[in-house]
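Two complexes come next, and they have one chain in common, chain A, joined by chain B in the first and chain C in the second.
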Partner chain A sequence: MSHSWLSRANALATFAGTVLAVVCLAVTATDYFHKSQPVLSCEFVGTEGLQKEFGHDRAHVVLNLTADLRSEFSWNTKQLFVFVDFEFATRKNARNQMVMWSANVLDKEHALIRVPTLRAQYPYALTDQGFGLRDREFNITVGWNVMPRVGALFTRRRTFAGLGPLPDEYFQPTAGRVRRPGSDEFVEVPTGGAEEDADPYYTDA
Partner chain B sequence: MNKRQLLLQGVNLGMIITSALMIWKSMVLATGSESPVVVVLSGSMEPGFYRGDILFLYQPKTPAQTGDIIVFNTDGREIPIVHRIIKVHERAEGSPPRLDILTKGDNNWGDDRSLYPRGQLWLNTGHIMGKVVGFLPHIGRVTIIMNDYPWFKYALIAALGVVVVTSKEG
Partner chain C sequence: MDLNGQKLAETLCMYLVMAAALLGFAVGFLRHDFSQMMAVFTGGVGLVAAATVPDWPVFNRHPIKWLPPKEATEQQQQRQKGGSSGRKKKTASWCNLWGMF
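Presenting the complex of A and B:
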């Protein structure tokens, strides 16, 4: 008959599996109702260098980023992968889009991001597939990939358009010295923001 | 057990197997991905994905963006890789326009050029098996154990076969 321990174990396992599946679906459904109010600002501090390399151009750009993503954390959020995109169009390529900086935010306390001198981190690089970076207009898009404990992943983005253009002539990169946008003037900026000696990007605010 | 019961058990087993196959194929069609559910096999995306986590894939109609997590396979690799897109160059011409894509694992130091075949600098849309849209932790650990210890896999299949054949359906 069907009262053996085997059929009991079978019924228990089936029931547990079904309950688990329903709970997982309910958990991911709650993400739909979570309202977030991210607050972001991004400035183009200047260009530290614009190089012509073998076969392509390379730009060294410094940004000032503030991003308050604390409201993105719900009970189902495991981490945010925050990234900063540099985007531009050339005649050959309708879209050139590259990550220049990223951070893994593991909890709400670390989700207030301030990087006053944000630079490209290794291995990210601002390069064109050609020599199209001089005098180039660009956008900066800040994105955050919300990675849940269970369920659907999604990415939200905020674009800051028309921050450029890049300078119209090549010049050698010098750490700590940027050419201000739209001028020939050079100013000193702190060299923090490179990855090895980076202060933590978050503040205890 | 007589011949009829044995046959019935055999048909039952066949029904279970074909239902599973039908569900799998429907998911392949619905998502547009040839492998809509994958298990994470390496730690290169930690702490977001650990070995044994399950990922659900989907082939989106919009072209690839940086920040997307994709599963891709390059020529000559049997095991696909789950990494994040960090650079995209989209041609101005062509329909659909060609994309040059570069990827990197969140937990890796460098980008994935060392994983692409020699001389290949970019991926393109044809290499992408799907974009990660869903996540379920830990459930795939059984697959990892079966991969690392094949005897466990055979023992599990044998045990399941015995249970199905000897259970007395009403």
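Presenting the complex of A and C:
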């Protein structure tokens, strides 16, 4: 092949691409040394309702979630996907797991999440295949996918075990009025829906 | 571009691109900013392209000196004139390859 400006441009472009791939490998390697200290807390506030529907039970659970995931952000982190899993075991199914809430965290400023009244977000729902939700203990697993700019996505989880139990009788759901766990006491809570406000779960530090 | 210029251009291209990558990585890592790394790297590659892709006079300092042309022999002169005596039947290149005809 004759030597021309095109062959020089071609050599430069391909070599630059190879070097960029090596740089990206080095960038993912720095993520391996990134240490994070996520601080999470999750409480069971109460139940807004427990319904027997056609073929299944449905619970309206309210949680109080605080998650400080700011330390998860390294220089190579694009965004986090945070989700809250509701897990329980019944005689029929040993492992029931359903997502009740999720959010995208696009930058470090929004990675301090405070949701004092966290409800099942549409279209998520807390149901059982059967009628096993009365007097049921459950676990809440807060998980988050860390999505890097280059490199592989990875997931971290924190489980809050032995929450509950749910009430031992059915009652009609009423927004803003929760039944405290383990008692017949009712408490008023704010009803602010996640869909009405623009960024209800984002709170600046 | 002469042969020394080709060598110089390729060496420059390689080392400058690697230098841009190292510099970009250092800037991005120290300032915790991925997009700054990409900006430094792409900017560096752009500068390298400007420096090594066009045929700058620097790359033409050692022009190739060709030998003077030889005088043509009598046979060659005859062949150029197109004499019928020097004519040979042409064989296809694949015949030469297998030693045929």
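Simple rule for what comes next: the second predicted complex is superposed on the first by the 190 of 205 C-alpha atoms of A that agree within 3 Å, B and C clash if a C-alpha of one lies under 4 Å from a C-alpha of the other, contacts with A are read in each partner's own complex, and residues count from 1 in each chain.
Convention: a contact is a pair of C-beta atoms (placed from the backbone, for glycine too) under 8 Å apart; a residue touches a chain by one contact, two chains touch by 3 or more.
Values in this document were obtained by computation on a predicted structure and should not be read as measured data.
*Asks:* In the superposition on chain A, see if there is space for chain B and chain C together, and answer fit or clash.
*Replies:* By the criteria stated at the top, chain C and chain B fit after superposition, with no clash.
*Asks:* Look at A:K52 in the shared chain and tell me whether it touches chain B only, chain C only, both, or neither; answer first, second, both or neither.
*Replies:* After superposing on A, A:K52 lies clear of both chain B and chain C.
*Asks:* Considering only the touch criterion stated at the top, classify A:V23 as touching first (chain B), second (chain C), both, or neither.
*Replies:* second
*Asks:* What is the contact status of A:P123 with respect to chain B (first) and chain C (second): first, second, both, or neither?
*Replies:* Only chain B; A:P123 stays clear of chain C.
*Asks:* Of the two partners chain B and chain C, indicate the one touching more residues belonging to chain A.
*Replies:* Between chain B and chain C, B touches the greater number of residues in chain A.
*Asks:* Could you tell me if A:N96 is touching chain B, chain C, both of them or neither one (first, second, both, neither)?
*Replies:* Only chain B; A:N96 stays clear of chain C.
*Asks:* Determine, under the contact definition given at the top, whether A:F81 touches first (chain B), second (chain C), both, or neither.
*Replies:* After superposing on A, A:F81 lies in contact with chain B but is clear of chain C.
*Asks:* May I ask you to decide whether A:L106 touches chain B, chain C, both, or neither, giving the answer as first, second, both or neither?
*Replies:* first
*Asks:* Give me, in Å and rounded to a whole number, the least C-alpha distance separating chain B from chain C in the superposition.
*Replies:* Superposed model gives a least chain B-chain C C-alpha distance of 6 Å.
*Asks:* Output the chain A positions appearing in both contact lists, the one against chain B and the one against chain C.
*Replies:* Common interface on chain A, chain B vs chain C: 149.
*Asks:* Chain B touches which residues of chain A in the complex?
*Replies:* For chain A paired with chain B, touching residues are 2, 6-7, 10, 24, 28, 78-79, 81, 83, 85, 89-99, 102, 104, 106, 122-124, 129, 143, 145, 147-153, 155, 157.
*Asks:* Using the touch rule from the top, collect the residues of chain A that touch chain C in their complex.
*Replies:* Interface residues on chain A, with respect to chain C: 3, 5, 8-9, 11-12, 15-16, 19-20, 22-23, 26-27, 30, 74-76, 149.
*Asks:* Can you list the chain B residues touching chain A in their complex?
*Replies:* 47-48, 65-69, 84, 86-92, 97, 100, 104, 106, 109-111, 132-137, 163, 167-168, 170
*Asks:* Going by the contact rule at the top, pick out the chain C residues touching chain A in the complex.
*Replies:* The contact residues of chain C facing chain A are 1, 6, 9-10, 13-14, 17-18, 21, 24-25, 28-29, 32-34, 37, 41, 45, 48-49, 52-55.
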